[in-house]
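Same chain, two partners: chain A is paired with chain B first, then with chain C.
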Partner chain A sequence: MTGNVRAWLDARPWVWSFGAALIVWLVTALAVQGRGMLETLAVALQFATFYAIVGIGQMLTIAAGPGNIDLSIPGVMTFAGYVAIGMMNGGNAGLAAGIAAGVVIGLAAGAFNVGLIQGLRIPPMIGTLAAGFVFQSMAIAYSRTSHAAPAPLLVSFSVARVLGLPVIALIFIVLTVLVSVALSRSVFGRSVLAIGQNARAARLAGLAVRRTLGFVYLASAVLAAVAGILLSAYSGGAALDMGTDYLLMSIAVVVLGGTSIAGGQASPAGLWGAAILLDLVVTMLNVMRVGAGLRYVVTGLIIIGVLALAKGREQAT
Partner chain B sequence: MTGETGAALVELRGIVKNFGAVQALAGVDLEIQSGRMVSVVGHNGAGKSTLMQILGGTLAADGGTIRVAGHGVGAGYGVRRAGALGIRSVFQELSLCPNLSAEENTRVIHSALAGPGWRRRARRLIGAALDAIFPGHGIDPRRPVGDLPIGQRQMVETARAFTETDRKVRLVILDEPTASLDATATGQLLGYTAEARGRGIAVVFISHRLPEILGHADEVIVMRDGQVVGSGAAGQLTEAQLVEMMGVMRAAEPAQMAGAREWRGEIRVAAAARPDARFAVTVRAGEVVGLAGLAGHGQRALLRAVFEAAGHRRGALQVNGTVASVSGDRRIEGIFPLWSVGRNTTIGCVRRLARFGWLSPAREAAVAEEWRVRLDIRAPDIGTPILSLSGGNQQKVLVARAFAADADIILFDDPLRGVDVATKRELYRHVRRAAEAGRAFLWYTTENAELENCDRVYVFYRGVVTDEIAHAELSEERVIGASFGAEPAIAG
Partner chain C sequence: MPADVTAEMAAGIAAGAGERGARRAAALRVGLPAAALVVMLSVIFAMQPRAMSYFGLSVLLNFTLPAIFAAMAQMAVIAVGDIDLGIGPFLSLVNCIAATLLATRPLFGWLALAALVAAYAGMGALIHVRRLPSIVVTLGASFVWLGLALLVLPSPGGAPPGWLPALFAWQPPFVPLPVLASILLAALGQFLLMHTSYGVVLRGIGGHPRAIARAGWSLLAGRMALYALAGASGVIAGLALTGLNTAGDATVGAQYTLTSIAAVIVGGGEFVGGIVTPLGTVIGAWIMLLAGSLLSFLNISTDWQLSVQGGILIVVLGLRALNRWSAA
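Then we have the complex of A and B:
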């Protein structure tokens, strides 16, 4: 019986983050005697979306094996956000051009990362970190000339709800499902997971290792750009520090969500559990009036707790 | 057995080990005397490696007792304890740290190599061991072990097991060390074990090559299905008896179709001869071409070049057709450890199976199942995790991957290293069948007996081909002669 439960959990590494999110949600609800429980969840889902978008990209890079990581995400988000919103300049006329410009910046940033990693053979951790500084600096330079507001249409899109649920969350949940299917059933997905397990064997099996890795970094940068545009719209404009949280959060949602940091295995669904969990923890601590210092301690302990549970499972097998 | 139990260096009684529902060892007794060499033989999956891992302390037994030098070792028995008692293991899956050099790897097991100058002392220690066991090895102990070819890695690991500081060696477990060593190094190692035994060191020697065992061991233990099914003094046993005890059908010699056909297909691989060489390399469709010679003389370099050049010309090398490759170094160059047998099989042909980049699960499963059945891979179904298979069956999965890839040229990089006799024979038949269907094989092997399966053999020495031998003219003497650079007797 316990063997069956264990096997069931093994195949579903995302369960832990959703379980923890559920507990935190219930504790929060208790603290406020159940008032606004559903609204708390909807708001958490809204913020979780931004984490999940960048998380998808980060998950792909981490799944591609040891050494692969994208630390340029905050820089790409900020720069793409600034340029996109700048082109919109408060009007709907520039909406399409703004989004296109943001996405192109994402593509260019991804290509730059790939150039550093594959062309100059710089380790991804250093290469993408350095590239991130470059993009952040470009955002700073751009911010001197632009204090634009996002297109009103984009703003209403970013806060729109259907049946009480944020529209952008629903859209990116669909994307997550697609990525999940792609990982198990597409040539690209299989290649990523194979490279993540054993890059040398992947090459000898005839997989396009360089092309796959290049595509992974492009995808991560484009997703970061999209997250930057949407976050800027949602917050009423781009800000220079808007990406700061996302450096570590993008990694935290991947790992908490059940993706192996060693590569070769990914848990897309878990991104959402982890992103909601991280947001709900903040809400819970706010509601309980926990002081700032203690807040970090509790957040840290919750992360350690979830990982310890999930790790215990790995060692038991 | 050898009587006087009191004198046994190691005494295992009733060792039991289960992996889930599978019983790997069902109550095994084993005694090892100082200064003696015990050989353990059996099929892949008979339990040899499991037993050795328990003795070496890397696995805990589920039942039974272990006594070393007359003292019982309790529940805390592990690698550290085994090391302190002078038990060293040389495993089939190499256990060196690939990012460290030979000298650093030596330091790992010797805490006495500390303080200023430890590096120099470690280098001297491992260098002396290498020189003593494998004279002329040509290994730089300062190079990262991962950069060495597998044969040299095996030499370092083997030599390390015989190094002594304040920790003395009393028993060395050699788990198929000769599978990745060429004939010369194998001979050197077996010669050295005699010398080590003279110093009172006991040796456990596992090999699939029965002549090695009968020629060098003192005692032979035969295992089957997790039990000892027979034993005796090596001098009183014959190969046929061993094979019978292991439970192998004494089948007829491998299907000798090699070289029988005159028909020759289109040229798949053409490598012009270097100015200093007399022979060019040509491989035609439907041909099985063997690459022989001592390890590290250019056979792997040729395989690598053919793989890189797949489908086009690169320099003096012309490769027509697609290429798939099977390596005997399965842990580093073969398996995807998190995946099932099925996914490990189909990863070589995902692009061919996919439509617009997407795989159909039914189609993929059909291909994987087809090859599981055709190569008789011993797994309940294609969903079985690859790591739960025995080494030989994992290797079959890699062969299945190459066959399923439907490539024109299949490169074998000593793929049947450490595979049992029965499995090898099965695979030889599959190779022959695939060749008849028009595939070309380039087959590098460290076992000269395997060359029997080739239509033609090129012998390598110092990066060039020193002889080309047709199947009918193949002889061990001629291969060995050319391996050391001798001119072939018959020109061209």
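Then we have the complex of A and C:
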């Protein structure tokens, strides 16, 4: 009986993050005597979307095996956000151009990362970190010339709700489902996981290792750019520090969501559980009138703690 | 020319001169950044001759102390094949403690700083025992350091105890403090890590952990020792930063994460195999520091500072890759 439960849970690593999110939600409910509980969840879903978007990209890189990681996400988000909003310049006329410019920056940044990793053979960790700082400094330079507001259409899109649920959350939940299907059914997805389990074996089996890895880094950068554009629209403009938390958060939602940090396995659904969990923890601490300092401490400890526990479980099996 | 090189290599291999080759590689490892540093200093002196004095050097190298100690902290972590993405916020935390507790309740302040060093050793133990990726653990820790810094000092301000700024304003005879401290730190680090038997063991953990374990050394103790060393260097770096800034700020250290990693790599360190040199690391820290000064001499906006630092890192690693190709 317990063996069955165990097997069921092992096949669904995302259950933990949703379970933890549920508990935090209920604790928050107790703290506010149940007022506005559904609204809390909807708001959490809104913020969770930004974590989940970058999380999808980070999940793909981490699933592609040891050493693969994208640390340029904050830089890409900030630069793409600034340029996209700058092109819009507060009007709907520049909406398409702005979004296109942001996405192109994402593509260029991803190509740059791939060049460093595959062309110059720089370890991804250090290559993407250095590249991220280059993008960040481009954003700093750009920010001197631009203090634009996002296009009103994009702003209303970023806050729009359907049946009480944020529209962008629904869109990216659909994307997550597609990624999930791709990982288990498509040649690309199976290749990513195979490379993550054993890159050498994957190469010997004739898989297109370089092309697959290149695509993974491109996808991660484009998703970071999209997150940067949407976050800028949602916050009423880009800010130089808007990406700061996303370096850790992008990795945290992947790890907390049940994706193995060792690669070769992915848990797309878990991204959402973890993203909602991390956001609800902040809400809970806010409700308890805890300051920003303690919020950071608790978030950091949760991430280290869950990682230590999850790794232990992996080793046991 | 290529034929000569191949012949020479073949002769070297035939003569069993692998050791000589290794020694030459080690010399190049420190020699290249040292040459780069000489070039940078020459350019700066040519453009700004006044920098070539006791006072000029003191100004030019103002923030050397936090930079070299932060780089040393990063080097200790990279030596075991790990990376520390939380050293910047850690410096901020030390800065905030030094600007508050250390002045108001000195005993408490010192205990807090000692606890931070212990926390670093604990982080090393956790990473080792649970076999966790250092990148995620140190990133998680960066949130903890930042949070604690905000708890200690919610908004910039505070004041360090009087002796701290005085210590870092000290003007030794003949040689400016940044230069003197760099030479001493490089010499001490070089001696401890390269010329003591435990230093060899510590470096071996990054290169050949199994060999070290078979020889009866504790990998756990070694990693904890290196992380404690990193924590202690980070504390000194944070104190130096406080001495120079004479105030506390929970975000002041952020830039040191990138510059410390870049210093180790530019100074000849590598991510795989525990290859680091304290001397090279100190030189690397100077290069990263002077790159900033060179920017301002060339009238380039400091907006591009991050690009230049990241760019130097990419260029150095790229050149190294090209070198490997031509050698292969």
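The working rule: the second predicted complex is superposed on the first by the 290 of 317 C-alpha atoms of A that agree within 3 Å, B and C clash if a C-alpha of one lies under 4 Å from a C-alpha of the other, contacts with A are read in each partner's own complex, and residues count from 1 in each chain.
Heads up, the rule we're going with is that contacts are C-beta pairs under 8 Å (C-beta built on N, C-alpha and C of every residue); 3 or more make two chains touch, one makes a residue touch a chain.
Keep in mind that this is a model prediction, so the values were computed, not measured.
J.: Applying the touch criterion given at the start, work out whether A:S146 contacts chain B, chain C, both or neither, answering first, second, both or neither.
T.: After superposing on A, A:S146 lies clear of both chain B and chain C.
J.: Can A:V255 be said to touch chain B (first), chain C (second), both, or neither?
T.: The second partner, chain C, only.
J.: In the three-chain superposition, say which chain, chain B or chain C, touches more residues of chain A.
T.: C
J.: Examine A:N89 and indicate which partner it touches, taking first as chain B and second as chain C; both and neither are also allowed.
T.: A:N89 contacts neither chain B nor chain C.
J.: Report, in rising order, the residues of chain A that make contact with chain B in one complex and with chain C in the other.
T.: Common to the two interfaces on chain A: nothing.
J.: Across the complex, what residues on chain C touch chain A?
T.: The touching residues are 83, 85, 126, 130-133, 135-137, 139-144, 146-152, 154, 258, 261-262, 265, 271, 301, 303-307, 309-311, 313-314, 317-318, 321-322, 324.
J.: Under the definition above, what is the set of chain B residues touching chain A in their complex?
T.: 307, 322-325, 327, 332-339, 343, 347-348, 350-351, 354, 357-359, 361, 401, 405, 407
J.: Within the complex, which stretch of chain A touches chain C?
T.: Result: residues 69, 116, 120-123, 125-127, 129-134, 136-138, 140-141, 144, 247-248, 251-252, 255, 261, 291-301, 303-304, 307-308, 311-312, 315 of chain A touch chain C.
J.: Sort out for me which residues of chain A touch chain B in the complex.
T.: 185-188, 190-191, 193-194, 197-198, 200-202, 204-207, 264-265
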